[in-house]
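Both complexes below contain subunit A, partnered by subunit B and then by subunit C.
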Partner chain A sequence: MKKNYSINRILVYVFLVFTFIVSVFPFYWMVAGMTNSAVDVIKGKMTFGNQMLSNITTLFTTYNMVRILLNSLKVTGFTVLGILIVSSMAAYGFQIYSSPAREKVYGLIILFMMVPFIALMIPLFRLIVKMHLLNTHSGLVLTSIASVFIIFFLRQSFKAFPYEIIQAARVDGAGEFRIFFSIFIPSMKSSYAAAAIYSFMASWNAYLWPLIILQTDKQKTVTLMISSMSSAYFPEWGVIMTAIVIATLPIIIVFFGFQKYFVQGMLGSSLKQ
Partner chain B sequence: MLKRKFIILVVVCLFLVVSSITYAESTEKSGEITIWSWDPNFNIPIMQEAAERYAKDNPKVTFEITELAKADVEQKLHINLASGVTAGLPDIVLIEDYNAQKYLQSYPGAFADLTDKIKFSDFANYKVGLMTLDGKVYGVPFDSGVSGLFYRTDYLEKAGYKSEDLNNITWDKFIEIGKKVKEKTGKAMIGFGLDDGGLMRIMMQSAGKWYFDDKGNVNLSNNDALKEAFKTYKAIVDSGIIKKTSGWSEWVAAFNNGDTASVVTGVWIIGSVKADKASSGKWKVATTPRLNIAGAVNASNLGGSSWYVLENSKNRDLAIDFLNQIYAGDIDFYQKILMDRGAVGTYLPAQSGAAYSKEDEFFSGQKVYTDFSGWIKAIPTINYGIYTYEADAAIFTVMPDVYSGKISIEDALEKAEEQLKDQINR
Partner chain C sequence: MTEKGISRSFIKPRDKYGWLFISLALILLGVLLFYPIVYSLYLSTMSSKGIVQKFVGFGNYVKLFQDSMFILALKNTLTFFLIQVPIMLFLALILATILNDKTIKYRGLFRTAFFLPAVTSLIAYTILFKMMFSLDGFINGVLLNVHIINSPIPWLLDPFWAKVTLIIGLTWRWTGYNMIFYLSALQNIPEEIYEAAKIDGANKVKQFFYITIPLLKPLILFTAIMSTIGTLQLFDEPMNLSQGGVTSATIGPGNSLLTLSVYVYNLCFKYMPNFGYAATVSYAIVLIVALLSIIQFKLMGDKK
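Our next item is the complex of A and B:
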C-alpha cells in the first residue's frame, strides 16, 4: 500500500516537472534570445550569448523606450483606477440596492459581454473621433473603465458580503458613500486586488483598441511597439526579445506582488463570519 | 543726371531684391507630413532619410513617421476608410503591392490620382501596372522584390557546376542540378514550407500569369502557368531535394545554417543572407529559373510595396511634392538607401548610379545590384487582382493531396477554383 502511494507520488512529480518545463521554457527562450544576435536566434541557439548589451543599446537608441513605457504605465494606471472605482460601484449597486428592473438591466449588461469587440470597433471609433479623443490616452482609458467582466466578477464576490453589516451601519447613521468607502472596500480587499491584477494585465496587454485610436509614435504603448518591430524583411530578434522581456517585467512584478490576494479573490470572499 | 539715373537703378534693384525675397517667402512650403509605414530596418529609416533630404530644402516642413506592423497599417487603414472619418488618416501610407488593388477598388476616391504628377515612365513597368486602375496611376513605386536564385558556390562546385550552369535555366534543370547536389554534398538544394505560396507566385509571374486574369476573374483551372507550377512543386518534393521548413524563421535558418544550397526569392532577402558572416564569399546570385512553358522568362518578383497619398489628407499636395522630389527625382537618395539598407528601388534612372555597380565581396565580387537592375526590366507586368492571399489559401488547402498523389493536378486546380469562387463570391 505504502509502495503504491510513493509510485503515485513519483508519477505526480514527473508530471509536474514536465508541465513546469513546458510552461517555463518560453520564458527561458525569451531571456536567452535577449542575449543573442538575430542570426543566432533564427538558427535556434538555446544557450546564452554575449549580445545583451548591444541589444539593449540598439533598443534604447532606436526607440524612445522610456516614453513608451511611461505611456503604457499611464494608460494602465488610470484604467485600473477607473475600473476599480466605476465598475466596483456598479457591481455594488447591483448587489446591494434592489429594484424591480435590476436583474433585467444586469442581464442586458452581461449580454454585452457576448458582443465581440470587432463589431463595436467602427461605431466606437467614430464616437471617439466626434469626441476629439483620437490619438489621446483619455480615449483609451475612458472606453475601458466600464468593464462588464469586472462588474460581473465583483458582483459574484460581493454576494458573500453580509447585508446586515450595511443595515447596521445605516442605523448608526453612516451615509451610503461612507459605508461603501469605509466599511465595504476595506473588507473586500482581496476581491479588489484580484480585479486590479486582472484589469492591469488586460490593459497592459491591450492591443487592438490602442492600435486603432493611437496614431503617432509619441502616444504609442509598449504592445504596439513590439508588434511593429517584427514586421520586417530582416527582424532583429535579439532586440525584439529584449523589448519583450522589459514589457513582461511589470506583469510579473504585479502578479507575484498580489499573488496571495489573487488566489484568495478567485476562490471567493475572505470575509470570515 | 548720371547720378540720378544711378540712384534710380539702385532703387529699382533694391525693390526687385526685396520683392523677390518676399515672393520666395510666400511660396515657401510648410506643414507636417504624416506617414504610416512598417519595417524598422527598412522602410522607416529609408523614409527618415527621404524626410531629411526634403526638409533640408524646405525647412518649414516637418514629418511625423509612425512605425506600425504591416498588418496593423492595413487594419488601421481599413477602419479609418470604412468609418468614413478622415480625421485620423495620414498623408502618405505604405501598401504592399499584392494588396494595392484591394484598397484602390474597395475605397474609390480615397487615394490621390498621381497620373499627371509623377513621371511614371521613369519607373519599372510591372510596378506601375499594379497600381493602375482604369488608366489612372495612384501610387509612387518604391522597393522591388525582383527575384533571383541565390546559391552556395562551394556546394555547387562540389557537385560539378559552375556559375554559367545556373543562369537562364528552367525549373526542370534546377531539379536535375539539385539531385546532383544532394548526391555529392548531402545537402538539400532548396528549402521552403509546403504551405508557402511565395515560390508559386514567383513561378507564375515569370510566365506573366496570376491567379486572376486581366479583368480580375478567377483563373486557376485553365491556367497553364499555375499547372506547371503545381507540377514543379510536386517534382521538387518528390525528388527529395527539398528541406521542408515551417514558417519564416525556419526558412531563413535553413540557408543561414548552410542546410540548403540555394534560395529563390526576392532581392530583399540579401540582408538575411549576409547576416551569416561566416558564409561570406561563398554566395552568388543567378537569374530566377523559369517555367517550362512558352512565354516564361528568367525574371520575376516577390513582394515589394509602394507609397500612396490619401486624397482627403491635410497636406496632400505637399506630400505629393515630397514624393515627387525625392522618390521620383533624387538619384543620390537611391544610392544611399541601397548602400545603407540594401533597398533596390524601381526608379530606373537611379540604377546607373555608383552604388548599383559596386562589387560585393560577400557574393564573390559579383556586381549583384547591376544584375538585379537588369532583371527588374524583364519582369512581366500583371494584374494582381484583389484576392491574392485568398487564392493562396485556396491553393494550399488542395496541395497536401497533390503532394501525396491522391488527386490529379487538374482536379486539384478545379477544386481550388471552386473553393476560391465560393469564398469571394465571384
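Our next item is the complex of A and C:
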C-alpha cells in the first residue's frame, strides 16, 4: 500500500517536471535564439552562439527598433492612462451612486462585453477612415480606451470600499470629485495597479486592430513589426528572436515585479461573483 | 446592505453626479461599441462591391450556406473549439488539483512556471512555435533523436499536422492561465470535505471526479465560455503560423488554419472588399458564440 502510494507520487512529479520543461523551454529557446544565426535557429540549435551583437545591430539599424519601441510605448502609455481614467470614473459612478436606471445601463454594457471584437471591426474601421485617423496613433488610442472589462473589474473591487468614508468626507464638506480624486483613488491603489497591468498587457500585445489601422511602417508597433519580419521571404530568425525577447521583456519584468497584482488582474473579479 | 438606507437620504440629490461620473465612458461606449454593433447589423443586409452598395436583406445570410470558404472556416474553427478547449480545461484542472496538494514540493515554482506562457504575446509565441515546428526544426530533431519517429513530421506543411501544431500552441499558451482560476477556487474548498471522502474510502481519482469537478462547475462553465469566445476569435495564431504570414495566399496548407475571424479579415482587406458580406460573417460569429454559450449553460446545469 505504502509503496503504491510512492509510485503515484513519483508519477505526479514526473508529470509536473515534464510540464515545467514544456512551459519554460520556449523562453530558454528564445534567449538562445537571440545569439544564433537564422540558419541555426531554424535548425533548432539549442546552445548559445556568438551572433547576439550582430542580431542586435541589425535590429536597431535595419529595422529601426528604437522608433518602433517608442511607438509601442506611446500607444500603450496613453491607452492605459485613458482606460484607467474613463473606466474607474465609470466604475465609481455605477458603484457609489447606484440607481435602478444606471443598473439597467450597466446590465446592457455587460451584455455587450460578450460581443467579439471582430463584429465591431468594420464599422470602427469606417469610422476611423471618416475621421481621418487612419495611420495615426491617436486613432488607435481613441478606439481602445473604452474597456467594458476594466469597468466590470474595477466595479467589483470597488465594492470593498467602505461607504462610510465617503459619507464622512461629505459631512466635512468635500465635493464629490474631490472625494473621488483625493480620497478614493489613493486608497484603491492595488485595484488600479491590477487594472493597469491588465490593460498594459492587452495594449502592448494587441495585433488585429493595430494591423488594420496602422498600415505604414513609420507608425508600426513592436507586435506588428515582429509579425511582418517573420512574413518576409527570407526571415532573419536570429534578429526576429532578438525582437521577440525585447518585446517580451517588459511584460516579464512587470510579471515578476508585481506578481500579486498581475494574477489578480488576470483573474478579474470572476471569483468574487 | 446599509446602502439601501443611505440611498434615500444621500444618493438621491447626488444622482446627477452618478451620470456625470459615467458620462465619459457612456459616450465612448456609445460610439465605439453600441453604434458598431447596430451598424454591423445594418451592413450585414447590404452587398457591397467597392463603393457600390445595395440592399439584399437576408440574402447574405442565405449566401453563407453556399459559401464553401465560410463552411471551411466554420469547420476549422469548430474543430479547434471541440478538441482544444476540452483538452486544455481538463489539463488545467488536473494541474490545479495537483498544485493544491500541500504535500507537493516547490508548488510556488511550478505554479509560476505553468503560468508563464500566459505572459507572452500571441504573436511572439506563435512565431516561436512556427520555428520550433519547422520541418528540420527543433521538435522534429528531438523526436528523431529519441527514435519516436523515423522521418520528420511535416508539422506546418500538412493540413492535419498544421491543425495539431495550432492546438499544441494554444494549449501551451492558455492552460496555465485557466489553471490559475481553478487554483484560486480550490483554495476556498475546505479540506474537511476531502478528509471525509478519504475516510469513506474515495481515492484521489474519485475525489477529483466526485468532489473537485462538481464544486468547480460554475467556474468551469465560466472558463469554458471565455475559451469559446477566444476560440471563435482566433486570428493572431493562424495568421502568423502560415507560410508568409499576413501576405500568404492560403491560411495554413490547404487553408487548414482558416478561421472565421481570419475570413472576415480577408473579406475586408485581402480580396475585393465586401464589407456587407464580411459584416454578415461577423454576425454569424456572434450568433455562434451565443448559441455555444447557451448550450454550455444547459449542459452544466442551471446554477448561476
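As a working rule, the second predicted complex is superposed on the first by the 238 of 273 C-alpha atoms of A that agree within 3 Å, B and C clash if a C-alpha of one lies under 4 Å from a C-alpha of the other, contacts with A are read in each partner's own complex, and residues count from 1 in each chain.
Please note the rule applied: contacts are C-beta pairs under 8 Å (C-beta built on N, C-alpha and C of every residue); 3 or more make two chains touch, one makes a residue touch a chain.
All values derive from a computational prediction rather than experimental measurement.
Superposition of the two structures on subunit A leads subunit B and subunit C into a clash.
With both structures placed on the common chain, the touch criterion links A:Met121 to subunit B and to subunit C.
With both structures placed on the common chain, the touch criterion links A:Ser230 to subunit B and to subunit C.
After overlaying the two complexes on the shared chain, residue contacts for A:Asn50 are found with neither subunit B nor subunit C. With both complexes superposed, C is the one of subunit B and subunit C in contact with more subunit A residues.
Of the two partner chains, subunit B and subunit C are each touched by A:Ile42. In the superposition on chain A, A:Ser23 makes contact with subunit C only, while subunit B stays out of contact range.
Of the two partner chains placed around the shared chain by superposition, neither subunit B nor subunit C is touched by A:Ser6.
By the document's definition of touching, neither partner reaches A:Thr61: not subunit B, not subunit C.
Look at A:Ile212: by the touch rule set out above, it reaches both subunit B and subunit C. The superposed model shows subunit B running into subunit C at a single listed stretch; among 74-82, 146-154, 272-280 or 398-406 it is 74-82. Comparing which residues of subunit A touch subunit B with which touch subunit C, the overlap comprises 42-44, 121-122, 125-126, 211-212, 227-228, 230-231, 237.
Contact residues on subunit A toward subunit B in their complex (touch as defined above): 38-39, 42-44, 62, 121-122, 125-126, 129, 134-135, 211-213, 215-217, 224-225, 227-237. Of all the residues in subunit C, the ones that touch subunit A in their complex are 2-3, 6-7, 10-11, 14-15, 17-22, 24-26, 28-29, 31-37, 39-40, 43, 95, 98, 104, 109-110, 112-125, 127-132, 134, 136-142, 172, 176-177, 180-181, 184-185, 204, 219, 222, 229, 232-233, 235-236, 239-240, 244-248, 260-261, 264-265, 268-269, 275, 278-279, 282-283, 285-286, 289-290, 293. Residue ranges of subunit B in contact with subunit A, taken from their complex: 34, 38-42, 64-72, 75-76, 79-80, 82-85, 87-88, 90, 249, 252-253, 256-257, 268-269, 271-272, 275-276. Residues 8, 12, 15-16, 19-20, 22-24, 26-27, 29-30, 33, 41-44, 46, 85-87, 89-90, 92-94, 96-99, 102, 105, 109, 112, 114-127, 143, 145-146, 148, 151, 163, 167, 170, 176, 180, 201, 204-205, 207-208, 211-212, 223, 226-228, 230-231, 237, 240, 244, 247-248, 251-252, 255, 259, 263, 266-267, 270-271 of subunit A touch subunit C in their complex.
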